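Residue numbering begins at 1 within each chain, and the chains themselves are lettered A, B, C, D, E and F in the order written.
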Amino acid sequence: MSDRYQKGIEKLKIMNPDSYKTLEENLEDIAPDMARYVAEFAYGDIYSRSELDMKIRELVTIASITTLGSAQPQLKSHIHGALNVGCTPEEIIEVIMQMAVYAGFPKALNGIFSAKEVFEERDEKIGNSE
Amino acid sequence: MSDRYQKGIEKLKIMNPDSYKTLEENLEDIAPDMARYVAEFAYGDIYSRSELDMKIRELVTIASITTLGSAQPQLKSHIHGALNVGCTPEEIIEVIMQMAVYAGFPKALNGIFSAKEVFEERDEKIGNSE
Amino acid sequence: MSDRYQKGIEKLKIMNPDSYKTLEENLEDIAPDMARYVAEFAYGDIYSRSELDMKIRELVTIASITTLGSAQPQLKSHIHGALNVGCTPEEIIEVIMQMAVYAGFPKALNGIFSAKEVFEERDEKIGNSE
Amino acid sequence: MSDRYQKGIEKLKIMNPDSYKTLEENLEDIAPDMARYVAEFAYGDIYSRSELDMKIRELVTIASITTLGSAQPQLKSHIHGALNVGCTPEEIIEVIMQMAVYAGFPKALNGIFSAKEVFEERDEKIGNSE
Amino acid sequence: MSDRYQKGIEKLKIMNPDSYKTLEENLEDIAPDMARYVAEFAYGDIYSRSELDMKIRELVTIASITTLGSAQPQLKSHIHGALNVGCTPEEIIEVIMQMAVYAGFPKALNGIFSAKEVFEERDEKIGNSE
Amino acid sequence: MSDRYQKGIEKLKIMNPDSYKTLEENLEDIAPDMARYVAEFAYGDIYSRSELDMKIRELVTIASITTLGSAQPQLKSHIHGALNVGCTPEEIIEVIMQMAVYAGFPKALNGIFSAKEVFEERDEKIGNSE
């Protein structure tokens, strides 16, 4: 495997190890190169760059996928990733709420409901609900 | 609560009381301010303006969410809203069908299927199917 | 030419005669059938249906194209169409403003600026600016 | 029924007979004209044109619906259609993978998962997984 | 004017005073309430919340508008805003580049070209080009 | 430079040499790595795969970018690319017209107008206009 793959896998170990393992398994019979490109390009090339820290990378990704509005599995995966690299639930919710201004309320609301599912899976509490 | 909130809640009582109650409950542990913004901004500021009647407001919203293509819960909620303010099932279907021209057939078809679910929940008949 | 074409052309005479003529000219060397489909399907099949009046048809189209966000020539053409069938500038602006809730502020703002260009071309005044 | 309808139905018999039958049944109580427009316009007008063969028509449709990202039932229907007109599973996967470049990884991944469901329903094998 | 308006204007003074002034002028004859909603809701309600700092707010907004792909004036306005609150050109470019993974290369490239225009207007240098 | 870069550049020489040169120049002061990723990932990884020929790759890309609706420079670049690898103007127009069904008429029309600009630049004739 390429260096880029190894670098990507290192990043994924920190950010989202379970998601990537599931992705690899889901793709192995049908498009194994696609899993490799995720590791190599998305994580090995892009996320491995030093210009932004992992927390900001995950928050801008959450903003982007909330704006797409139709990729809830990937949104949930990156909400896990954001929590794994140290973002708080409050920060994540705040980013998604802000998307109401740019992508409209329906997408922001559906993003919040995806976050709620992730927090419940992980038993995360958010500050203003204790 | 603000005047805008009260005005929004008045509108919501006419348009979509059950949807808003569900929304508030779903958001109360995670993003209660988001429910408040829906009442204050969407309904208190925008829907409370006098320039358009409620029927047209709901029909243009249905057009917009059908065009988004990925917010079926909100689409269904506004189809309920449209019926609640006096739109006929035929008018609603007609708006969604017209979206085939502007947003493509797949989104129009998925919009029609959402409408079908709402009409079945409410046991609405549409004219040309009796 | 088909009956549907004739019916479409009748509608277009009321709604947007100049836009269609320009469209036909722009397409005649490259995709003349596409102009025919616009007349036959969009106007002959869809807009000719009796379930909605022309004013509502134009307002929901404006909602949809504002939501697309990237088809400003067509948005302007339908703002002309809406004015031609009797919508007021205030109603048009109101529909576009409401899109801030569903499609986000950037698309709503760009929609308003397209409307502004159309109103200026036609020297339309809007009520609250006199 | 119109000639265009007959031509569309002929095309649909080759491409996707079961999907269209289901569509017609799902729409018959609510928007039967919409099923007719699918046959007449999409298949009778567009797919019946001679400029492209059916395989390319299905592949570009798969590219488009993957890019929309939010119309998985229609995507699956056209993956069936592509296989029915002779595209290989490898070609279909390849088109969807290429969409990662133009529509982003989340939409490409969700497209691949839709293809996987279709292949499993039909018990299709893809070359590099045997 | 409301407290929310005042709070929004305070934020806008820090983030993007010129853009808002231009917006207000552009809207005053056609939709002055829309400018007020931008100040009140986007800036007074959302950006004034304490959960995220201004730099992160601008970066997630840039991610969202790059993902929309069709609102270049607003993208440029928020690139100005990001620089005004202390983001570096490198951070902004990095966020936009990451969008290639989520929204595809065309939107990321067009985002970078918008950033380039803003940097040239302001005569900003980016580190790896000196 | 990596093997993938060399492979990508080989592909680009066939498909779109001028576009890539312009891209590289436009990015060199601001995001030179982005140009490299285009060569390495888009062309070296994806377009270099053997499962689809270049003509189909360009046609599905044209379908995708027409569906995005907001990336006209990239659409024009790939219309050039399609012509460069042997697609006819008729095939290109036909793919874009088919997008009316999936992405709506406004995006299909704007795609046709982009094709028209490219054909005029290259002085291409299309069959049915001679």
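Just so it is clear, a residue touches a chain if its C-beta (ideal position, glycine included) is under 8 Å from a C-beta of that chain, and two chains touch if they have at least 3 such contacts.
Computed from a predicted model, the values in this text were never measured in an experiment.
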item	value
Labels of chains that are neighbours to subunit B and to subunit E	A, C, D, F
Chain copies touching (subunit E, subunit F) - same or different residues, decided at half shared	different
Chain located farthest away, centre of subunit A as origin (C-alpha)	C
Remotest chain, subunit F as reference, centres from CA atoms	B
Euclidean distance of C-alpha centroids - subunit A vs subunit E, Å	23
Centroid spacing, where centroids are CA-atom means, of subunit A and subunit F in whole angstrom	30
Centre distance in Å when subunit D and subunit E are each reduced to the mean of their C-alpha atoms	39
In subunit B, residues with contacts to at least two other chains	33, 37, 41-42, 49, 65, 68-70, 93, 97, 100-106
Subunit F partner contacts - residues on subunit D that touch it in the complex	41-42, 46-47, 49, 51-52, 56-57, 59-68, 90-91, 93-95, 97-103
Contact footprint of subunit F on subunit B as seen in their complex	100-106
Touching residues (chain side subunit D, partner subunit B) in the complex	23, 26-34, 37-38, 42, 65, 68-71, 73-74
Contacting residues of subunit E [partner subunit F, same complex]	68-70, 93, 96-97, 100, 104-110, 112-113, 115-116, 119, 126, 128-129
Contact set on subunit F toward subunit A in their complex	33, 37, 41, 45, 49
